[in-house]
Every structure is written in C-alpha cells, then in structure tokens.
Amino acid sequence: MSVPAFDATVAVLAIPAASAALLAALPGYRLTARLNVAASFLTFLAALSLFSGARGEPGQYLFVDDLNIVFVALNTFVGFTASVFSASYIRHELETGRLSPGNLRFYHAMYQTMMFGMNLAFVANNIGLMWVAVELATLTTVLMVGLYRTHEALEAAWKYFILGSVGIALALFGTILVYMAAQPVVGEGHDAMVWTTLVEHAARFDPALLNLAFVFLLIGYGTKVGLAPLHAWLPDAHAEGPTPISAVLSGLLLNVALYAVLRFKILLAASPGAIAPGPLMVGMGLVSLVFAAFMLYRRRDIKRLFAYSSIEHMGIIVFAFGMGGPLANFAGLLHMVMHSLTKSAIFYAVGHIAQVKGTQKMADISGLTVTHPGLGWAFLLGVVAIAGLPPMGVFMSEFLIVSSTFAVEPLLAIPLVLGLLTAFGALVLRATGIAFGEPSGGTAASPAPASYAPIYAHLALVLAAGLYLPPPLVGWFRNVAGLLG
Amino acid sequence: MQATATLLTVVSALLAVAVPAVALSRRPWAGTLVYGVSLAASLAGLGVALAALLAGAGSELTLPLGLPWIGARFRIDALSAFFLAVVNLGGAAASLYGLGYGRHEEAPHRVLPFYPVFLAGMNLVVLADDAFTFLVSWEFMSLASWALVLAHHREAANRQAATVYLVMAGFGTMALLLAFGLLAGTGGEYGFSAIREAVRDPAVSSLALVLALVGAGSKAGLAPLHVWLPLAHPAAPSHVSALMSGVMTKVAVYGFVRIVFDLIGEPAWWSAILLLALGGGTAVLGILHALMERDLKRLLAYSTIENIGIVFACLGLALAFRADGMGWAAALALTAALFHVLNHSLFKSLLFFGAGAVLTATGGRDMERLGGLIHRMPATALFFLAGSIAISALPPFNGFISEWLAFQAILQSPELGGWGLKIVVPAVGGMLALAAALAAACFVRAFGVSFLGRPRTPEAGTAREADRFSLAAMGSLALLCLAAGTLPGFVIDALAPVTRLLVGGAMPLQADRPWLSIVPIAESRSSYNGLLVFAFIVLSASLSAFAVHRLASSRLRRAPAWDCGFPVAGAATQYSAGGFAQPFRRIFGTTVFAAREEVTMPPPGDMRPARLSLAIHDPVWERAYLPLARAVDALAGRLNRLQFLTIRRYLTLVFLFLVALLLVLALWT
Amino acid sequence: MILDILVQGAQMAAVLAAAPLVTGFVRKVKARLTRRKGPSLIQPYRDLARLMRKDAVVAENASWLFRVFPYLVFAATWVAAALVPTFAGGLVFSWTADLIAIIALLGTARFFLALAGMDVGTAFGGIGSSREMMISSLAEPAMMLTMFALALVAGSTQLSTVSAVLASPEVGLRVSLGMALVALVMVAIAENARIPIDNPATHLELTMVHEAMVLEYSGRHLAMIELAAMLKLVLYLSLIACVFVPWGIAPAGAGVAALALGAALWLAKLAAGGFLLAFFETSIAKMRVFRVPDFLGAALMLGLLGTLLLFVSRSM
Amino acid sequence: MVTALSFDIAHMLAGGLVLVSFMLLYQDRLHGLINTYALHALVLSASVAWQAWAQGAPHLYVTAAVALLFKALVIPLALHRIIRRLGIHRDIENVVGIGLTMLTGMGLVALSMVVMLRIAADADPLAREDLAMALAVVLLGLLLMVTRRNAIGQVVGFMSLENGLVLAAAGARGMPLVVEISVAFSVLVAFIVIGIVLFRIRERFDTVDIRALDDFRGERR
C-alpha cells in the first residue's frame, strides 16, 4: 500500500490529536480559543479534501467509504462551527467567572481529543478500534460535562459515566461476539475484526451469534444514541454541561453511536439467516420518539427540553433506518444531517439565550424577539426547523419517512405521526413562550452579531437543503441508502 | 411567457420584497413599499390567472428544487387558474386595504416581512403539481400566517391562539402527508401526474379522501376541526384576518378539491354522505356560534366556518352526482361550491376590512361597546351593509346565487341511488336553509348593533371614517359582490372549464341567455335573473319614493325617539348584542352549547345591581379537545417520573431491556 | 308582447290594489265573528292615505337608512308579490325569479326591516328585530323545505310551472303535499305576524314583534311599511292558492275571458283565505314568544318529512 | 491443541466463575463481598492463563497478570480502605431478597445457555461453552448492580460484569486487543473508584440523584 504525500484520512485524525496535545500545553484563553477554531477548521478542510481524489484501498485500520465520508464531513463541519461558538461562549463564561483559565486549557484539549475520537470512530475499519474510539469520545465528553464542577454538573457527569460504562461494556461484549462469529469463516486474528472483510463474508457467519451480538451492540451503542429506555444520561448531560458541548453531544456524538449501530446493521443485513434488525430498531425508534415527545411537555429547563428533542429525533432516525428501503434510508440519512445542523444551531442560540437572560429556566424567559431580535428570530427559526416545518430540511426528511412508512406499514405510521405531533405541540408551545410575549428575564446586551454567524450558517444550510439538494449530495446519499439495504 | 412561469415570477417578487421588509420595516414608507408591491404582484397574478382560466391554456414547469428525483413541479390548469384568481383577487384587495390600514399598525416589523410571504405561500399551494411542493407550500403558508397571528404577541390570548393554530396546522399537514404517502405508494411517486394515473382500490381512495378531509378540513375550519379558526383569524391584523378567512380557507378547499376530485380516483359511496353531513353540521354549528359571539372579528371567523360548511356540502353533492354518472348535476353542485368559494372570499374580505376599520376607529371589536357608527363612518357602514346582505344570501347580492345553485343541485338529488343519500340530502338542504336564515339574523345583529343605534361608548361616538385606501378596497369588493350577484352568468361560464375537468360535465352556457338570466338546467325548471330583480327593486323603490314625495307628503320633522312614550336617554338601554342573541340562545343554545342564564336579583332594599350571568360551552372544545389535552398532560406527568429515577433504577431499565431482548432471541425461531 | 307586459303590469297593480282590501276584509270578518260591527272594508285605504299626507316624524339620531328602508322593504315585497301567479300564469317576467328567489326576496325585505328597527337605538326596536329574526330563522327553512316538496313534485321551482303541474289531474292527492300545505300555512301565519305568533293589532309592549320593530315610524314611512305588510299577506294567500287550488289560473297567452275568469277566481280565493284566516285567528289565543319555536319547529319537521317522503318514494 | 482435558479445564474454570458470581449475589456484608470479588478475579486470572496456555497465546498471560494483580489485590484492598475511610455501613441493602435474587440469577444463567445453544454446533465448542459462561457472568454482574443499593456493591457488580467480558475476550481464539481492553477496563474501574472517593458517595448511587437535585433542576413543580 503506497502512502500518498498527503493522506486526508490521516490528517482528519492527526490534526485534532496534535492540537489536543498542543492545547493542553498552551496557556492563555485568547490564543487557545483561536487555535481551537483554527485546528477545527483545518480538520474540516481535510475532511472536505476526502471528497476529492481517488480513495485508496481500505486499510487494516482506516478506510473511507460513501457512508463514513458523509459523517466525517458533517462531524468536522459542526465541530468547526461549535468551536467558533465556543470561543464567544467561553469568553462570556470567563467574564462571569463561571470558568477559570485553568479549566479552559483542559477544555480545549478535551475538545480536540473528542474530535479525534469521533473522527477515528468514523474512519476506523476495525470494529475493535471503532469501539475504542467511541469510548474515547464518550469519556472525554464525560469530563467536559462535569466541567463546571457544580454539584449538578458533577451529578450529571457521574450519571453519564456510570450508564456509559455499562454501555461500553455491553458494546464490547457485542464486538467480541462479532469476532467469534467471524473467526471460523475469516480466520483468527486481526482480519476477523476488519469491517470490510466482515461484510464480504457476513453471509457465512453463524446467524445466531450475529443476532446475539447485535442485541448487545444495539444496547451498548444505543445507550450512546440515547434511545429510550437507555437514554437516562442524555438530558442531564446536555443540560448541565457547557453549551458548546451540549451542541456537540446532540449534533455529533449521537451520530457517532448511530453510525456504529448502522455499521452492524449492514453486517446483519448481509447475513440471510440472522434476525432482521429492522423491527428491533423500528420498535426502539418509536418508543424513543413517543416517550421523548411526552417528556417535552413537563420540561422547565431549556437545554433539557432540546435534549429530549434530540432523543425524539434519534428515535425518528433509528425508525427510518429500521424501516429500510431506499426511500426510508435516504430520509434517515438526510434527517440525521439536518438534525445535527439544526440541533447544534439551536444549542448555540440557547447558549446565548441563557447568557443574556442569565437563566436556563424557560419560565423566566419570554419576549426574546423583543429584547434580542437577532437571537430570538434565530432561535425561533431553529425551533421551526427542528419541529419539521418547511421550508427547512427536516421537513423533507420527515415527509419522506412518514409517507414512505404509511405506504408500506400504515399501522406503524400512526404512532409515528402521533409522536411527531405530540412533540410538535410541545415545541411550539415552549418556543412561543420564549420568543414572544412581554419581555422578561435579563436584558443584557446582545453579544456581537458575529457570534450569531454559526447559528445562521447552520440554519441557512438547513433552509437550502429543504429547498434544493445538490445532485452530488443526493448521489452520495443514494449510494449509502443502497449500502444500508 | 407561459402562465406558470409568470406566476412564479409574481411569487418570487412577493418573496423578494420580504427581504427589504425585514431590514426596513421600521421606516414609515416600508408599508407603502410592501403593500404596493404586493398589490401590483397580486393584480398581475390575477390577470394571468384569469387569462389562463378564460383561455383554457394549461401550462406546467418543473424547477430543479424540492425532492431531487422529482423536482418542484408547478402547473396551471382550469382548477388552479380559478383558485389563483380567487387568491390574487383577495390578495390585491387586502394589499390595497393594507396601504391605508397598515399605517395604524403598531408593530409593522412583525407584519410587513410576513405579509408578502403569506401571499406567496398561498399562490404556491395552488401552483404546486407534486405532493412535496404542495405540502411545503401548504405548511409554509401556515407558518407565515402563524407569524402574522403573532404580530400582536403581547396579548396572551393571541399567543395561545397562535399555538393552537400551528398545532392544528401541523395536524392537518400530517393528515395530508399520510394521504399523499398512501397515494404515492411504495415507489415514492409524488408527482401529481403519477398519482392521477395510478390505479387503486376504492378502499384506498376512500381512506385518502378521509385523510384529505381531515387535513384540508382542519385548515378550512370544518367542524369538529374548526376550534383554532375563531381564535387565530381575529388575532391577526384585520387585512390578514381577511386573507386568512377569505382566501386561505379557499386554498384549503382547493387542496381538498384537487385531491378528491382530481387525484384519488373513485372513492366509496359513503364518502359523499360523510361530506354532506359534515358540511351541513359545520354550517349550522358555525353560524350558531357566530350568533352568540360579541366580538365582531370572531363573529366573522365563525361565519367563515358556516360558509366552509356550505362549500363542503356542495362538494359532497357533486361527489355523489359524479359517482352516479350524473355529470350535469355534478357540474351544477360543483359550480355552486366554487361560486360560493368566490363569493365568500369577496364578502368575507369586505367584512373583515370593515371590522378592521371599526377596530382602528374605535380601538375595540366588542360589539357591546360600539353602536351608531353609521353616523361617523357612513361609507364603511354602507360597504359593511352590502357585505352583510351578501353573506346573508339575500338577493340581489352574490351570496344568494351560490345558495340558489346549491338548492337547485339538491333538488336534482332524488335521482341519486342509495338510501343513505336519500335521507341525508334533504336534511342537509334543511340545514343549509336554516344556516342561511340564521346568517341573516346574525348579520342583522352584527350590523345593527355595531353601526346602528346610538354609540355605547365615547370611543364609538368619536370614531373617524377610514382612510381612502381602505374605503377603496371595501368599495371595490362591495361592487364586485353586487356585480357577481347581478351578472352571475359570466362567473358560471368561467367555471365551466373547471367542472369539465373535474366531473366531466358543465352547466349550459349562460352568456347567450336573453336578459342575462341564469338557467341551470332548463328554463321550465328554474331560472333567476339577478339583474332584473335588482333593477325591479331599484325601480319600484325609487318610483314609489318619487310618487309618495310628489303626490303625498315630503315633509320631515326631527323629534326625540318615541319608544312607546318612555324614551330613556342612556345608550345602555338599547338592545345589546347579547340581548339580540337571547332568543336564539334559548332555542338552540341550551342543547347545542349548554347555555345557561342565571339572574341574580338582590332582594328589595338591597342596592346592588341585578346581574345576569351567562355561560356558553363549546361542545366540541369541551368534549374533544380539552380531554385530549388533559390526556396528554396526564400521560406527560406520568412519564415525567422517569426523569427523576436513581442511577440504579436506570440501570435496571437497561438490564430489563437487555433481558427482554435476549428472551426474544431465545424464543425467536 | 305588449299584451304580455300589460298583463304583467296589471298583476302588479292588482296585488297592490287588492292588498289593503284583503286586510280590511280580514279585519271586518274578525269583527263580525266577535260580534262587532268593525270598520269599513276600505278603511285601510283611508288609513294609508292619511298616513301618506302626514308629516314624517323621524327620531333625531336616525340615520339615512331609516328613511330609505321603508321604500326598499316595500319594493322588495312588491316585486316578490308580482312574481307569484295570481290570476294568470307564465307572465312575461315570471322567469326572473323562482320560488326560492321569492322567499329570498321576502328575506331581503325582512332584513331591511329588522335593521330599521335597530336604527334609532331603542329597546323596543331591538326586541322587535331580535324576535322577528328568531321567528324567521325557523320559518324560512320550513318554507324552504315546503318549497322543496313542491318543487320535487312539479320537477321545477318555477311557480308558474308548479301551479300548472299541480293543476293537472295526474298529481292526485299526496301525503307529502298535505304536509307541505300545513307547513306552508303555519309559516304564512308566522310570517304575516298573525295570531298565535304575533298580534297585528296589539300595542301591548311585551307581546309585540312586528309592531315593535316599526314603532318609530310615522307618516309616509309607516304607510309604506304597512302597505308592504298587506302585500305580504296577499302574496302568501296567492301563493297558497296558486299551488294548492291552482284551478282557474289563466295560462300563458290566454284570452281576455280566461284572464277575467282568473281574476274573479283569484278574488274569491283571497276572500276564502282571508275568511279562514280570520276564523282561525278568532278561535285561538296568542302564544308566549318562547312557544313560537315549537310551533315553527313543527312546521319545519312537516316540511322535512314531506321532502323526505318524496326523496324516498322516488326510488319506489 | 484442543484436547478433551484442556476443554474440561477451561470449562471448569469458566463454570467456577459463574459459581463465584452466585457467591457474590449471596453476600450481604461488604467485606465478604469484596473478598468474594477477589476470588472472582482470581478465578478469572486462572481461566485466562489457562486459555493463554491452551491457545498458545502468550499475550493473554499479561491479561491474567493484570487480573491477578490489579483486580484480585489492588482494587479489593482499595475498597476495604474506602469502607474504612468513608465509614460506610458494613451491611448491604438489597432491593429484593437474596433468595429471589438467586432465583433470578438461575433464570439468567438458563437464559444465556438457551441463547448460546442456538449457535450452530459446528462452532468452536470451547468458545461456545466459554461464551455461555461469560454471558452468564455478564448478566449476573448486571443483576448485582441493579439489586444492590450500596455504591461498593454496585462497583463490585460492574467489575464482575467486566470479568465476564475479559473471559469472553480471552476465550475468543486469536482475538486482538484483548490485553488493551483489559487494561482499559481496569482504568475505567479505577476512575469509578476514584469517583466514589471524590464525590463521597457513601451508601448508594441513589442518593446522588433525587433529593439534592430536585431543587436546582427546576424540573419539578
């Protein structure tokens, strides 16, 4: 295997890894924040360069295919905008004294480590490596969630940690089982963990063993996806951590775990005797959707509200992939991308809202479009998008999911639609209360308009996707949808 | 340039003007800019639509937007041309009105950016030729109007109205989405042409019809999905209320007609009965609500529900006729429905404009605080009166024509097969007649209490006449109402391509009838001549007035009111809106609305005033919506406990889930 | 053609001329039935003439509508009355409006009258308008359903055609027509403000409906309204006559002799109808206002039942 | 290389691990629990070492050593210290009675057997039997975690679960990364133990949650 002069795959990993080390060493908030942005941007560029140029043969450890390239690009992009948002967010936190410069050094290093972990999980061609990467990303986010060192933050981190650890263990058990299934066919050793090899030979694997493996993987990685009833860590981790991390958690980490589930779904689909993973995923997706939809109503904390909304959307995505078929898979992929962009935009907005209003309690926030029009309308637009209203992109995916489901399995569409509507009602109710009405809460000056740039950039993308999907992107998605079976 | 492209240009002009509207909305001339552009765009759209309707030239266009493998398809055929005309006519009138009315707006930056977008959305719905574009436009329209409802967001009632509205809109869209999913099938053929050509089971068609009825009906305000309408329509600025009530509900009707008459094929026999029953019930329920209402704009909104009921009843009739192969009768019923669509958009816009003028002049829309406005606002009063006569389905105005056509259609229905229809149709006929009579009562009350009598508050006494733009908008609509009422033949002829497209038949050509009469079937069966009736009334009234003044007496004396010899000076002694409604409340309200009156009469010697307390319950709201909301809340409360478990319990959940899955594996064969 | 227009004009003049006479006749009969002498038959003409000559006194805050409405009410009623076949059918303008339109024209007149009652802003005017509209809200659908029944039997809503069809022997006796007749009579009583719904002669405040509405009118305005009310009575009597006793109505283009016969028969029918009305009015007491809905509800049900029977029997 | 004897020994050791898991479920004193856990780790170490020998995979000896040193010695000693330092109650509060827990445990073992029996017979029998035992250990560990209110009890549950994983990984012939995984898990466990010390979680995970949190989350009415 010839090593090209510039290997984008390696760059996607190396840049965050190197900057993590660097950031851990460097003092000073201004410099590190800028460096963080720069490193994220470089990573993003590297990810973009993956699209150009021929792809090499899949390596033993790393590889790039149609599926993960989308994930990597999305991941690095949101990672980049989140770092931009984080810069302005962190400044405010420093000014108000919630964080110390010492915290920041740790924070930025962890940020890049997390990016490294997530990118690694995507490009890993080895299910063991993927597992390690997912766990690395998880553990770094655990540390970030506890960053504020408040009782609540530590509590949330602890909950996340314990539940995550069990998830880690179960996912590992599943990984071992996959190896066991592969080993008689592929042979001992490393080959039996290389994903590309596994898919090739999956048809001859012992289906019963694969089934068992999938159960453990679904529960293990599903915990990270935040599927009910494994979701418990998610709302608190989102609510108590720094907002950039909430954005990254919702927008990216959930995708990482989802990606892992998808990989194994493909594996299972390639084995004719195995249990169909579809019904399991459909069931879990629906349960998550409906459950989260109802949970939205009693929320008081704005970040926790959107954390539950993430559970809801993960439910939708898993449901779509569970349904399978070109249309639903396409819709699931699209929904995943749209959700990442939208939800992170919402969290950016929510971060600013919590800062200008000085509270995360929704009851204390109202009339935002009056006091902070730029922020208020951006927030509203984000909620409109996440609620699945056109012309935003989420609508397109929801349109495809619901209509294709109804054409295939009308009975499944009923809980799906009920869940969507229930969630819709809750979101509209809360968003109206926050954005409109007599202004209340703090009237702190708006942050510089430039800090809204990431929000509007995301929303513009979502809007554009709702109106027009460029043919190359559609091509990618269709290929991937085909891969997913 | 072909019609579709021109209209899309119009739409993009509307969308484009929203951009400067965001930036400049606080400038004083921004309103002129936005409403001016909207007016021009709507007029252009109206021209194109009318040309397309009369010339019968269809055209289509596909843009590389929307769903990638289908594209955004747009098409104009006779049906969409007619509705485009209705939409743009309403849009033009509202924009003209807005030129003046918009100056009184206290939050222009919350109206101006959304107003042209709303117009654009409505146009797009009618233009769309694939399911995705249709739904995007549909929901886009809801969203824009939602933002407009929230223009005066500081009032809690408006926020609640907006929330209920958007949730109901989402519900309706979901139903439509399911309908399209069903029609498109597993292949994802979302283009209307593919849907139209697909062969499907009648059961599937019927299910799609029910879903379309739920989806479009909830937008149009069909009972029992109407609850949002009287909340949301009045909450918006008045010209937007006019658009929502007069035009957006028509777009909803368009959606229904497009799906049911054009796309789904032949539904089962009971669907016509469903439509008829729902339509008749909606008409009566809506107008009864309106009759009890004291808020002028809410009254108008409830009356919209009534009119939508009439339209849907006619559509049901058309469906029944079409299923029985009676193309000519189906054309008659469909013409009645579409004519009513046009009529309602005219007079409801007019009435909302009037209500808006009253609102601006007096600062209130509670009828109990109005009165005597005819002295201060004579022109507004005249136009409002014209609208009131028209909406009460009285000759010589236009409301009567569609009502008359509907009755003519009902009279053709004994030839229909099926026992259900035989029983439902006459009952619906009775309901429509009842609704018409109640509408007359309702608008006697609305006009009489608001404009006649003496001012009940100082604000009403010092009201100022509306500005000239508003008056021009109202005046032109009033004229159009009269024109459509006196020259209905032209409208009927213009509708012929639409009915031919949808039911394969048309009413006979009316334009060559002597004296411009309208004759639905044959002259020996029925005919009506609005022009002559109008001329006769005017002639005999002026003749008799002339004769009396000339031959008898023309002297006039002004004196205090007689009032049986006991005139009381206070304006509060006038008959109030509540008092006017009392007999109706007694007759209909006790059963339908569980209305209860309670008089607290203090004993003699007690100086407290006697009180009349009145309780009216909306059966639909209390029986359906509140329980639903309570159920959601209760369930949310129950599930909410899951937020507060201990880590061990969460682990237990994981554990149980794992064991359950393993059991599934163990038992799975 | 000229002749046709002349006949049409003659009918318009005839209904106008006969209207006060019929009212006077009913009053006279009622007086005789209660063993009073009663005013002369032409007393209504005298009343009208006197009212016309008097000054019109208009309340200070009345609007211009108040002065216009009497003429409009009169005109609408008159046009409606002129379109009902009286002594001749198939008149030159009979196709201008069919049964439904005639009902609606009466509705227009009532609409104006009810508004006029509210214009001055007195309690009585309002109570009159409210009750009038309440009564009509039930009477009008009942009337409409009755019309449905008739139109279904005749296969037309054109009054001339209806009366011609009903005059032909093949129609025979029908249950639904009987129901329609009863319903129509009930509606006619209600619409003309006769006992037991209203009392045209009363000025007892709490029982008034029609009179309360026009309380503020005087002079020529009151005369126009009174005349319109009289016209309406003639209209209803003619309507019932031309549908249920259609014999003798001259067909279109008939000669002078037939027209004369038709006119004589029409007057006889009016007299009979007036006598029956007077007889009925003297033998019954006025109802409480809130019994009226029961009365009209019965009419509504009869009309609906009649129509339903026709719908159902069509398939047998 | 797989002889009947080596199979029997591997089987016996794995079975022993399940047995010790049951012993863990049976304990109602903290010190007893920790000591039993040390035994659990010891059996694991022996089992892994046997696999290393049987598979001829020398790197597995590292795993065995880690298990022996870290899990059988360091962690139990540390836990004993924590109990003393934090003054944790010596009794373990159970959610359900021991008897019922044992019955459930039996059921779980049966379940894991049934699930594993579905695997085709031509699979490596050693691996298959091993896997069934490992699954049972994992499930029993989870059961321990959810039936103990005591933080130490839960940590022990987690560690025994993890032992099951290591057993499975070691039994998978030629599996790479086993050593790394076992080390990584040891670090994880260490984190948990440190977390307990840091957060002063004395009695149960439960306390961390409820009462203290109601006030601040603004989530309760």
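To keep things simple, chains are lettered A, B, C and D as they appear, and every chain counts its residues starting from 1.
Just so it is clear, a residue touches a chain if its C-beta (ideal position, glycine included) is under 8 Å from a C-beta of that chain, and two chains touch if they have at least 3 such contacts.
As the structure is a prediction and not an experimental result, all values here were calculated from the model.
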Pair joined by more contacting C-beta pairs (A-B or B-D): A-B
Cα-centroid distance, chain C relative to chain D, in whole angstrom: 98
Computed distance of Cα centres, chain C from chain A, in Å: 77
Rounded Å distance, chain A centre to chain B centre (Cα mean): 44
For chain B paired with chain D, centre-to-centre distance based on mean C-alpha positions, whole Å: 68
For chain D, residues contacting two or more additional chains: 115, 118, 142, 145, 205, 208-209, 213, 219
Where chain B touches two or more other chains, by residue: 643, 645, 647, 651, 654, 658, 662, 665
Shared interface positions of chain C, touching two or more other chains: none
Touch relationships between chains, expressed as pairs: A-B, A-D, B-C, B-D
Chain A contact footprint on chain B (complex, rising order): 64-69, 131-132, 135-137, 139-140, 143, 150, 153-154, 156, 159, 162-163, 166-167, 170-171, 174, 177-178, 180-182, 184-186, 188, 190, 632-633, 635-637, 639-640, 642-643, 645, 647, 650-651, 653-654, 657-658, 661-662, 665, 668
Of all residues in chain D, those that touch chain A in their complex: 115-116, 118-120, 122-124, 127, 131, 134-135, 138, 142, 145, 158, 161-162, 164-165, 168-169, 172-177, 180-181, 184-185, 188, 191-192, 195, 199, 205, 208-209, 212-213, 216-219
Touch list for chain C against partner chain B, complex: 49, 52-61, 63-65, 67, 71-72, 74-76, 78-79, 82, 93, 95-98, 100-101, 104-105, 107-108, 110-111, 114-115, 117-127, 129-131, 133-134, 136-141, 144-145, 148, 151-152, 155-158, 161, 203, 205, 215-216, 218-220, 223-224, 289-290, 293, 300, 303-304, 307-308, 310-312, 314-315
Touch list for chain A against partner chain D, complex: 128, 132, 135, 151-152, 154-155, 158-159, 161-162, 165-166, 168-170, 172-173, 176-177, 179-180, 183-184, 188-190, 192-193, 206, 208-209, 211-212, 239, 298-301, 304, 360-361, 363
Sites on chain D touched by chain B in the complex: 95, 108, 111-112, 114-115, 118, 139, 142-143, 145-146, 148-149, 154, 204-206, 208-210, 213-214, 219-220
